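Every chain is named by a letter (A, B, C, D, E and F) in the order it is written, and numbering of its residues begins at 1.
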Amino acid sequence: MTIGVLVDVLLALSLVGLSLQVVTGRALFRDLVLFILFGLLIALSWARLGAPDVALAEAAIGAGLTGALMLMAYRRLAAGGAADVSPARRRPLLALPVAALAGILVAIIGLSAQGVERVPDAAGTLVLQELSATGLGNPITGVLLVFRGLDTMLEMAVLLVALLGAWAVLGAAHPGRLHQVDRETPLVSALLTTVAPVTLLIATHLLLVGTDAPGGAFQAGAVLTGCGVLLVLTGTVRPRAAAGLLTKLLAIAGLAAFALIGVSALALGRAPMTLPGMWAVYLIETAMMLSIALTMTLLFARSRALGPEQR
Amino acid sequence: MTTEALTLLVFAPLAGALVMVVAPRRAAAPIAVLSLLTLPPALVPLTRAVRAGELVQLPLAGFAAPLGIVWRVDALAVTMLLLSVAVVLLVSLHALASFPPERESGQRFWPLWLILVSSLHALFLSADLFNLYVTLELVTLAGVALIAVRGEPAAMRAAMRYLLLGLMASLFYLLATALLYGQTGTLDLYLVGERLEAGGLTAIAVALMATGLLLKAAIVPLHVWLPAAHGKAPGPVSAVLSALVVKAALYILIRLWFWGGGGQAGEHAALLLGVLGALAILYASAAAIAQRRLKMLVAYSTLAQLGYVMLLFPLASAGAYRAVVFHVVAHGIAKAAMFLAAANLLRALGSERLQRLAGAGSRHGLDVLAFALAGVSIMGLPPSGGFVAKWLLLAAAWQERGWAWVVVISVGSLLAAVYVFRVVSLAFAQPLREPERAASAGEEQGRAQLTSVAALLLAALAIVLGLASAPLIALIDQGLPPGMLR
Amino acid sequence: MTSTTVYLLAASAVFGIGVYGLIVADHILRKLLALNMMGSAVFVFILTVAGVTPEGPDPLAQALVLTGIVIAVAATAFALALMVRMFQETGLTSLQGHDGDD
Amino acid sequence: MTGIVLGVAVVFLLLNLLAGLWRIGAGPTAADRMLAVLLFGSTTVAVLLIMAEWQGDGALRTVALLFVMLATIVTLAFVGTPSDRERP
Amino acid sequence: MTEVVHPLPIVVVLVSLLAGLAIAALGERRQRLRTVLNLTAAVLKLGLVLWIALLVMDGVVPVFRFPLVPGFDLLLRADSLSILFASLSAVLWLVTTVYAIAYMEHYDNRARFFGFFSICVTATMGIAMAGNLLTFFVFYELLTLATWPLVVHTGSRAALRAGRTYLRFTLGGSALFLVGLIWLYALAGTQDFIAGGSLGLLELDAHASLRAIFVLIAIGMGVKAALVPLHAWLPTAMVAPAPVSALLHAVAVVKAGAFGLVRLVADVFGGGLTAELGLGLALAIAASFTIVYGSVLALGQSDLKRRLAYSTVSQVSYIALGIAIGGPIATVGGMVHLVHQGVMKITMFFCAGTFATLLGVTRIDELDGLARRLPWSAAAFSVAALGMIGLPPMAGFVSKWYLGAGAVAVGQTWVVAVLVASTLLNAAYFLPLVSRMWLRPAPDRWPGGSQPSAWVTAGMVVPALVTAGLTIAFGVLAGSTLSPLDWAIAIAREYVP
Amino acid sequence: MTMGLADLIGATLLVLGCAFYGAGTVGLLRFPDVYNRLHALTKADNQGLLLVCAGLAVLSGSWGVTALLAVIWLLGLTAAAVSAHLIARHARHGPDPGVSAEEP
């Protein structure tokens, strides 16, 4: 696999080079673009490392959504007339040693950890052994929903907090108008008519195969977010000043479904967070997907709710 | 019973938050009150079980470690939960008035508040390194959002700084978690403790994790974010941040060190942590003395008081453990009272400049009294919880022949006296000029009184803790770390 | 030199660079970029350090990374919202300097 | 033999991609930089598809699919206009 | 003597605490209710103390225990020595309350004032009843906290400055006290107060440590007892209202320090061990120096209250001196002076306050002919002054006599020289005051003052007359049963059989 | 290490695809202005993607994979077209004032 290592070395070098550029650069927009590229390369790295689930998530969330979110924020600053060229203020006296130390430390511990023999009954191995009992084919989904459901539930809480927090700091500001893309352009309408349905299709696909193959609620949610963002950016849906009941219900759906099913296990005399069957897995995953998609779209649009365009 | 109790502690506030998001405004106050009032009854069976010498364990979803996440409650966890519930309930009383749930401000505040409570409890229950990471993130994010909830520019800047450093700290923590998992094949803290072997790798992992946690706990010199964050946040938020949130990081550190094998990092590391604590006590106290704003002074005082906790690591005795845990409780209650009182004074005087306090003693007597009573505990003067903590800590330091620590503790409490009395003196001073206070409406008056009562109740609790320390100490002694003799 | 070693070294370097960027950068957005890159580095680190099973990388570690990625994006989204509002209120995109509110 | 061809193709495309970096540095306009992103997007898709074949991991094709779909979003986010200035 | 678990000690402490809280809660306007509450609590307390005294006379020691920190109880224990101090403060509190109600008539924030005033007495009672050093420390600190608001009551710059100085000394001292306490605890465990000294029973070998502990704790107590050079806070604290000064000097703060030294020497270390460690002599020398030095400084003061303050510095050290010399007779002298100095000094402060309020007289050269204007107050002041000098048959004479005789009995004759010097100095700074009042002609105009209502005037004059009367009575009736002297002798029998 | 005919065809297509990618990059780097670069890049890359997909389809020899590759290519085509269009419009109507602020 010498070519493989060559590919890895190339990827690794580019990652380091890009990060260095981003950190020391002078023009923010350029660094933002480089950051997006960094995300792409990270996704490739996941693919190289044999972690397609993570690569999926990275492609959808890490590279796609994060980059788009950053770009939007940049646009908002730019629209407000923020001076963009704020070169990194250099205080290397303090920062350089810290950074070098951190890097070297991480390298040393990482390399020495490589030498550590893997514990035979490591949790990851156990996951593979116990997976068949869960009825799931994808060990990662097994960990996320069955073995360590609490983590995932709290992760949904993190998303909700991000949304509530964003709402709180949004203040009384009226949601801005985001779209600028002319929908009358044939290409854009083509995009809307082809890509939007396809995203729905792929999201559903990812959600369904997630139990047995790479995929799952997060990836599906991210894809769906892509659809939402598309609609927002083309002005098909508009930000609204106040959230209706449906928006709120959808925003909490994932967390609420997980929590409700998790607690109701008590009534059956089981430990909390025990899922009663495969239907619960599908229910929770669907709810989570919808919540993720709505939450991320709202965060993207920086608004409390979305609605169809009013003429 | 204990299973239901554990579930309630985490899920009741969470459910409250979720329902409040979708429920009509009218229902907000009852929902908040209801979800909070379920907490004290939940503590009863837990406390009883732990007092009976039981280790309450709940493998979530029925999967034991290392496969699943296990909630474990020992005496330390129960102590933290007791502190949390006491502080949260009384501070919520304040919040009911300062953030009326049915108003716009309350609608923003309360769901975040309840999620913060829920995640704090999940943190105290958890014995899983990665689950702790998730809860820590949740706590941090909710905390940041609450700091900025009023949309004041200074608060937002402080929140931003807190967020950035908090996220960085989490990454340090996560890195160390990965390393520990790689070494031991488990994320369960207790199993990690059993499987971890002393060595360079362990030491570095612990150092990384400690760095992250110390950053979250704002131990000098990693404290830069705290004064502004706690100083600019709304009163109830400052109170809970100082009383509970920073303690949560220290709680994890103590768990890691004495239960999770972190102590294998060695005596020098422990000494280093102790020195940082001493530095915190001395530096932050001096900084508090130099402050010109009331809440900033209180925030720096928090920094100083956190330093005492760090002395546990070099002393590492049963006595020191008992002292430090008691200190965490005593300081939590007193500091919450102090922040609430400070916030009330700030609102009443319209300025947080210390000089404006002149003469506040006669016009805002209740708040000044609450501040002073809390101050008694902070200074470690009898008969307060702070005194008992100081006594225990001094005794422990003396027993371990840590003369330097004795000096630091004594000097620290004298410095505390300087900054506390600076405030109280001003309140006693003759007013600079007659204040022009607009007569406030009846309802607002009632709210103001409620906020003062909340502060005073907490302050009284801080004092009572000194007189009724025996049960708490007995509880703490029940859960000494393995290897520590009583 | 194996693939994992390569990625590990790269992750270490990126982590260090991220720390540097976080401390040195003036613009909050740039700090967030640094933070996100650090996050990616940590995720790569998790996967490489956890070791491999016969069926590929440790599934538990993969699940942790997935959770981590979602948390990171949530935190980033919130931080960006906060940054934009802060900018609208104060006109500042930096945290340098004194908390001047006198 | 096929494996080698696939591997070389990946290496070539990666080098190709790195070469595109120069355009980001040089600019001169924001549009030029977005063009580079475009290049990166399509190249990454190709790399992923080849890798899927090379490593025998079909899931990577799904990743490629995702990239294709999300590529547009970044572009859409980029082409902001002054009209999205929020009302005071 | 048998110990009996009894709620009385805690009740005595709580009475004034609850009264204080109630007064503070009542608010500023409910003046009449406040007065009633004040006086009721004071009378009640006096009754309770008498009740305990009766118990003690029957050979019963009421004890109240409550766990405070591991290894240490909050122990309230009313032995004979406690009664001596407790009854002094109960009586003087009643008198001072009457005086204060009159004196504070035109002050602001009276609810706060009387609230802390009561808490102050709570602390004093706790100190009197404390059964071990930690309990003592707890109330000792409470006393600091409760007196500080009284010192800074007016809120003027000078008052705040005095408050700062006060805190600097007391809190610094208590930090050392606490370290000493911890050290002692580590060395010997819990040490309840036992007549004759609890440490002596342990036969510890750690002499150096014991010496250091003694010094640390003695410094903590010496601050409040105003031992030179720890006395500097006392004169500045004179900015406080007169009843506060009276309380500080006669009953509460200064006396608490002196009482603490008595407990430390007599009940913790014990006379024997104290002497063996050479600490008795050291303390005696410190006390003697303070006696002389305080008097010399008093001589130089032109302000009446400041002169009284330095006089206190000097006089309170008689107590420490007596206990430091050791032996039965000197011990009696020291203990009885606890009471005697209290009644004499409080009289003088009452009068000084009256002079200032009614006539605006604060300086010594303004005292001329004052007896013509305020004969009763002047008479009370003169009696107390003569008593201080040690003129028979006043109370002060009894104290000095026992001190001198006790010193000779244990062979410390140099103490007599100190006493003589001190007496001469006392005369030198008190006699001119008395002669100015009675022998000089009155000026045409007094410096200022106000004309309060008759009952206010009476409320200020009568308490002084009562305490002046006690000064005479304690001296004249020293030989009778139940006089302070008799009680002190009874105590001394417990300590030095 | 033998190569069948299918493999040979697939590999050839793949290499050709890569060559187109290379050409697109050269265009991006060397062409004088943004429109020229745009033109070269998108055209070449789409062609490249088509060839790569075709090559891989042959190599995999599976109809399912081929279908998926076809979908990916079609989507890629749409995405590239729209993106190129939007970027071109952006370049022509002038960069928005906010974005242009970074330009020297």
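Observations
We take it that a residue touches a chain if its C-beta (ideal position, glycine included) is under 8 Å from a C-beta of that chain, and two chains touch if they have at least 3 such contacts.
Because the structure is a prediction, the values reported are computed rather than measured.
Of all chains in the assembly, those touching chain C and also chain F are A. Listed by label, the chains that touch chain B and also chain C are A. The minimum number of touch steps linking chain E to chain F comes to 3.
Across the assembly, the mean Cα position most removed from that of chain C is the one of E.
The highest number of C-beta contact pairs joins the chains A-C. Taking the mean of all protein Cα atoms as the centre, the chain whose own Cα mean lies nearest is B.
Mean C-alpha positions place chain B and chain E at a centre distance of 43 Å.
If you average the Cα atoms of chain C and of chain E, the two centres end up 67 Å apart. We define each chain's centre as the mean of its Cα atoms; on that basis chain B and chain D are separated by 47 Å. Chain D and chain F have Cα centroids lying 9 Å from one another.
Residue positions 75, 78-79, 82, 86, 96-99, 102 of chain F are each in touch with at least two other chains. Multi-chain contact residues of chain C (touching two or more other chains) are listed as 15, 19, 32, 45, 49-51, 60-61, 67, 71, 74-75, 78, 82-83, 85, 88.
Pairs of chains meeting the touch criterion: A-B, A-C, A-D, A-F, B-C, B-E, D-F.
Those residues of chain F whose C-beta lies close enough to touch chain A in the complex are 75, 78-79, 81-82, 85-86, 96-99, 101-102. On the chain D side of its complex with chain F, the touching residues are 1-2, 5-6, 9, 12-13, 16, 19-20, 22-23, 27-32, 34-36, 38-39, 41-43, 45-46, 49-50, 52-53, 58, 61, 64-65, 68-69, 71-72, 75-76, 78-82. Residues of chain C touching chain B in their complex: 15, 19, 22, 28, 31-32, 35, 38-39, 42, 45-46, 49-51, 60-61, 64, 67-68, 71, 74-75, 78-79, 82-83, 85-86, 89-90, 92, 95, 99, 101.
On chain B, the positions that touch chain A within their shared complex are 3-4, 6-7, 11, 14-15, 18, 21-22, 58-63, 66-69, 108-109, 111-112, 115, 118-119, 122, 130-131, 134-135, 137-138, 141-142, 144-145, 148-149, 151, 156, 175, 179, 181-187, 195, 200-201, 204-205, 208. Residue ranges of chain A in contact with chain D, taken from their complex: 3-4, 6-7, 10-11, 14, 17-18, 21, 29-30, 33-34, 36-37, 40, 43-44, 47-48, 50, 52-53, 55-56, 59-60, 63-65, 67-68, 71-72, 75-76, 78-80, 173-181, 191, 195, 198-199, 202, 206, 213-215, 219, 223, 226, 229-230, 233-234.
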